[in-house]
Amino acid sequence: MKKVKLAEMDWVSYHDRVKDGRCKIVMPVGAIEQHGPHMSLNPDVLIPEHIACRVAERSKNMLVAPPIAYGYKSQVKSGGGNFFPGTTCVSGRSLEEYVYDVILAFLEHGNREFLIINGHFENSMFLVEAADRAVKYARLSGIELKVVLLSYWDFISEATVKKVFPDGFSGWAVEHGGVLETSIMLRIHPDLVDMSKVVDVPPAEFPPYDVFPPDPTWVPSSGTLSSPSQATSEKGEWILAECIEKIAETFS
Amino acid sequence: MKKVKLAEMDWVSYHDRVKDGRCKIVMPVGAIEQHGPHMSLNPDVLIPEHIACRVAERSKNMLVAPPIAYGYKSQVKSGGGNFFPGTTCVSGRSLEEYVYDVILAFLEHGNREFLIINGHFENSMFLVEAADRAVKYARLSGIELKVVLLSYWDFISEATVKKVFPDGFSGWAVEHGGVLETSIMLRIHPDLVDMSKVVDVPPAEFPPYDVFPPDPTWVPSSGTLSSPSQATSEKGEWILAECIEKIAETFS
Amino acid sequence: MKKVKLAEMDWVSYHDRVKDGRCKIVMPVGAIEQHGPHMSLNPDVLIPEHIACRVAERSKNMLVAPPIAYGYKSQVKSGGGNFFPGTTCVSGRSLEEYVYDVILAFLEHGNREFLIINGHFENSMFLVEAADRAVKYARLSGIELKVVLLSYWDFISEATVKKVFPDGFSGWAVEHGGVLETSIMLRIHPDLVDMSKVVDVPPAEFPPYDVFPPDPTWVPSSGTLSSPSQATSEKGEWILAECIEKIAETFS
Amino acid sequence: MKKVKLAEMDWVSYHDRVKDGRCKIVMPVGAIEQHGPHMSLNPDVLIPEHIACRVAERSKNMLVAPPIAYGYKSQVKSGGGNFFPGTTCVSGRSLEEYVYDVILAFLEHGNREFLIINGHFENSMFLVEAADRAVKYARLSGIELKVVLLSYWDFISEATVKKVFPDGFSGWAVEHGGVLETSIMLRIHPDLVDMSKVVDVPPAEFPPYDVFPPDPTWVPSSGTLSSPSQATSEKGEWILAECIEKIAETFS
Amino acid sequence: MKKVKLAEMDWVSYHDRVKDGRCKIVMPVGAIEQHGPHMSLNPDVLIPEHIACRVAERSKNMLVAPPIAYGYKSQVKSGGGNFFPGTTCVSGRSLEEYVYDVILAFLEHGNREFLIINGHFENSMFLVEAADRAVKYARLSGIELKVVLLSYWDFISEATVKKVFPDGFSGWAVEHGGVLETSIMLRIHPDLVDMSKVVDVPPAEFPPYDVFPPDPTWVPSSGTLSSPSQATSEKGEWILAECIEKIAETFS
Amino acid sequence: MKKVKLAEMDWVSYHDRVKDGRCKIVMPVGAIEQHGPHMSLNPDVLIPEHIACRVAERSKNMLVAPPIAYGYKSQVKSGGGNFFPGTTCVSGRSLEEYVYDVILAFLEHGNREFLIINGHFENSMFLVEAADRAVKYARLSGIELKVVLLSYWDFISEATVKKVFPDGFSGWAVEHGGVLETSIMLRIHPDLVDMSKVVDVPPAEFPPYDVFPPDPTWVPSSGTLSSPSQATSEKGEWILAECIEKIAETFS
């Protein structure tokens, strides 16, 4: 298997790969966030990193950067909320600045294309800002930079959703710690999932607004927004296969 | 009709209304953004301000703050993109800081509850950050602050959607400058809409990722993401009535 | 009457007006600040916006941007102080960043000339910084930007002052909520002035320094720094006519 | 003569002076800015530092902090403009942050009262912001801080102005590098003034607005905004004596 | 072996470990930086993470946080310089803010003690600032926080140095990519070292100052500041054993 | 003796010296920090300023900028710690921004080379960041800037150390307020040293880590980290002579 993690390369080999400016740097960005009592705190990091590596393995000109582990503050309706023990998040501007700086650092090596694979919904707009600012800064130096930003779940087709949720899909909004993420983790890191601890909850229902400080009673006390009890490694592979296939196809 | 815009009150009258700490400050936040050749640049400001005022009129203890007009950068898949002439947006942190400061300023007058009515999708996460930080800062001074954050369209029911789109709804994602916003504007500011200039476009279709710098060819050249040709003032009233009713009910 | 508010134009019409780079964008910047028990909180916004519009109407190539409503913290000796209920101000850097971003956003549409009309004394230095930084940033991209910054009262002649204050002028420093602003508001927004609530105070006198936290006993409890009792709509028109005439002449 | 410069004390002696929290820290803040071909670049630093020391010598409980030498950007109408060689200025936020941090550092030693003596007009609003923020930050820790902010020239009486300008005063606005500052420098640092190099210019006249980038043709090429030719050391002493006397009286 | 990586725990188990406030959070902070043609880019991340885990395994109350991978800009005299391909560093304030936010996030879970294990010399002062600010912020909320900051190499004794460098030690300053780091990596990640690519260089010598932009000719073209040719896994174990032993003893 | 302090020059003379872009601006940066009961708070400012002036006197093309007096927070193991009364320090980013702005301001006058002489260990990394950012910003404008950064003590040879410490040198780390700094101050500012107040302490010993908040019991209560009792003016001259000679030779 090809070495795709750039941090595991020596600088000379890395330089050989990137110096013509055609290499794409794949940057996984995630979060440390509770995902229920049955799963570790890091699916939002491990899943995009896994996808990044498998995509890069299929490509001739992609390298995977070390993932950025701490993401933007978990929100009640998408991640349970920032008050859960274990959920360990940074401010929007810290994330933005950190990602912005990392992009510009890779730019110095001659890289001109980036593929940010996001694993945590709440990161999105701060990644948008980081990417937009990096592009504009590069332009001041006469450099044209291209940053693609994606959240892996946006590549899952309706067909796959139907296959994964034969009894009906309760919607993306409540997939936090549910069948989708749990299945993927069962596939790629079964040691970090303990299905015996799964708490079976009906899909969370939320009012059409947010409130600050958040109200913990809005969220199931387990922290998952829907039940992961139907998760299986096989479903995880269906999802991953599709995401990896499509992402690889689109960007390689 | 009651005076609900606080900026139109003298300070003594305002003080009388807020000094017991029970008044809710309603803050409309929008954007200056192209909405097609048939409509002005300010629906994202005028609509939340209108809703805010009509909600406040039904309440005993709400006042509407001056709207914040310039919002976060328009994104291709939700607002056409930040490259359109007329789209005039600020950075995430400018918006965040400005809103944060305004909340803290109202706090000084004794206010403890805020209702932010957002009219521009892209603002959301920066408003989240502003609200979250304001709550935490207030807490350092021993003050419990409550900020509700809503985007008005989240209060529109499926029933109304069906009524407004009898031929099928192409989804929230492409409602930028489409039937929904145009209908509301026809209802509240008909002078700012010119239906003769409507460009009839099929609903925009986008790939499942974003790219920076944005690619203008992704967007219909008119700037609208779906056709507003079926917009009517009557539909606007249906939508508004529902939003106002529900928001008023929930928060008054 | 010509349409001069750019936010009320559709983007295509706006683009037609600005694409040759000769249009001047007029930006009113104000504050939400108490102006005595007889007047609304928004004269510092409404007056510069009114002047901006009337100036733009006389010009072939001016458009008025949505006003920036929240300004820098009111100071005791110029605005009564930041502790008055209703006075709702932002920090210096928030104002600076917000204005800076707005200028740069208009720059993207091809605009190269800006006319900032300030309505709130305390804003001045932060507007200076925003303008200076915008000019320097634009230069990095090879763009020459020009920003004119004015406070409308600087265009009032001694002759007009004598006419408006036949019994003697107590000086610009104490004109907060006094004859000048009240007269203009009587002229342009009589509904936002209630002369029956005027509190007659002698011109405020201050020591030659400032103190933080401010001492509320320095300020008349009404919040006005001189008496507005001699204000009339006619005086308002004299002042406006002169300001508008001169500004239009100088910059059209 | 008493030692009043705190930086020249050892820490134990300093501690003895400040530990009861009654000492006032006097902070001179200036600028490095051209003052014409006849004078050094540092009058805005040396004058407030001199006044600070002479005021502190008369007091039982004042110590003078090291002056902050680099101030906010020189403006055309008050300091000739930021484009003059030798004028070496920082951004508003750098000045604000630096002063804010210094105040908070002195706070840690037990100090609760500050007297900022400003020698450069353009600094004022950024010092206001630094002082305001420091007071608020201290309050979060339960500490009541008091910061007085003054510009020394505001203590000069009309009587002294008449004596210094027997042929008529052309106004504070154009006193940059003129009789006032030159006279004071002749009195306290005659080695830094060379009257043979004085350029005799009529008082500068400016339009009622500012422009960015600044237009160098607005300013006399010498950099002074009025003629310093009538400056004398004796006049400098009149001015200083009054400022020092009044400041000492008011704050000791 | 005990689970010590907190990101691999589910939130309930994590909560059980930290809720009494006695757990110490160990935070490895490193850098992505060239370490010669014979070694990967990530020793500064992997080494402190390894030490953190082995220390935590010996303790009853320590958990290891996900490492922060991107550190402050490599300097010529300590890391070869920021211009090497592969060296991928962030600005001081990005690092500071990111670490600061992460500390405060862990604080919310009840944690009160932190042990930052630094693996990259250049990070030090920015970690100092992050720790100092976090302590002060926590204090505003009435929380006493304790942050220990160490660089692992400071725990290596002179005796070990003598053993590792039997022919004489050329000093810590040039140990970048040399015997020390290479030996440790041979011990913990032999797959990331290729001794056949070692470039034998004499210890780098530098002038007693730094220059910006850096001068690449100061640095051996291999990027190592001394020769790693004498590195062995055994030496790596000696060093690690000592560091781990001492750190565990001091802080457990 | 030549005039080397640029703040003491008039702008025309200054301009004549710098306009060809070959002048080097020497910037002393220090700190206000306790140095024991026998010495003033400003050695870290006065020593680099003195060296700067004597170096500039020997050069044809150097001018000395006003020193930056307030530096980064004193650390326990290098400066006694930030909790000592009299130690008056700013945050890292304030120092960084202030220095960055000053460099860029001198750049505007045509200067292209800077020599920062640091007198306070803790400043180093923040000066690195200021210099690095200034170089990069200048490059955006097409300007090549060169900044040399040095701490004067790095120019002291082993031979001089032996001569100054005939009984053995306890190391640079504990030289705070010890023989080295005291000797230099005795030579250049004997009025700011009182040898009768010297407290004789053994060299401080510290654990191989730092802790926040700092533990005052780690530091001798006098604040010096080693005994200054053997300091003499003659030793000061030896040290200065060497530093000045070498710095002048290297950079003139």
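Things to note:
The letters A, B, C, D, E and F name the chains in turn, as written, and every chain counts its residues from 1.
We adopt the following convention: a contact is a pair of C-beta atoms (placed from the backbone, for glycine too) under 8 Å apart; a residue touches a chain by one contact, two chains touch by 3 or more.
Protein names from UniProt, one per chain: A, B, C, D, E, F = Creatininase.
Model, not experiment: these values are computed from the prediction.
Each step here moves to a touching chain, and the least such steps from chain D (Creatininase) to chain F (Creatininase) number 1.
Between chain C (Creatininase) and chain E (Creatininase) the CA-based rotation angle works out to 180°, given as a multiple of 5.
Between A-E and A-B, more contacting C-beta pairs join the chains of A-E.
Measuring from the averaged C-alpha position of chain B (Creatininase) to that of chain E (Creatininase) gives a distance of 47 Å.
Taking each chain's centre as the mean of its C-alpha atoms, chain B (Creatininase) lies 26 Å from chain C (Creatininase).
Under the contact definition stated at the top, the residues of chain D (Creatininase) that touch 2 or more other chains are 82, 91, 93, 140. Residues of chain D (Creatininase) that touch chain F (Creatininase) in their complex: 6-15, 18-19, 32, 34-42, 45, 65-70, 82-91, 93-95, 97-98, 100-102, 105-106, 108-110, 192, 194, 197, 223. Contact residues of chain C (Creatininase) toward chain D (Creatininase) in the complex are 72-73, 75, 82, 91-93, 96, 122, 124-126, 128-129, 131-135, 145-150, 154-155, 207-213, 246, 250.
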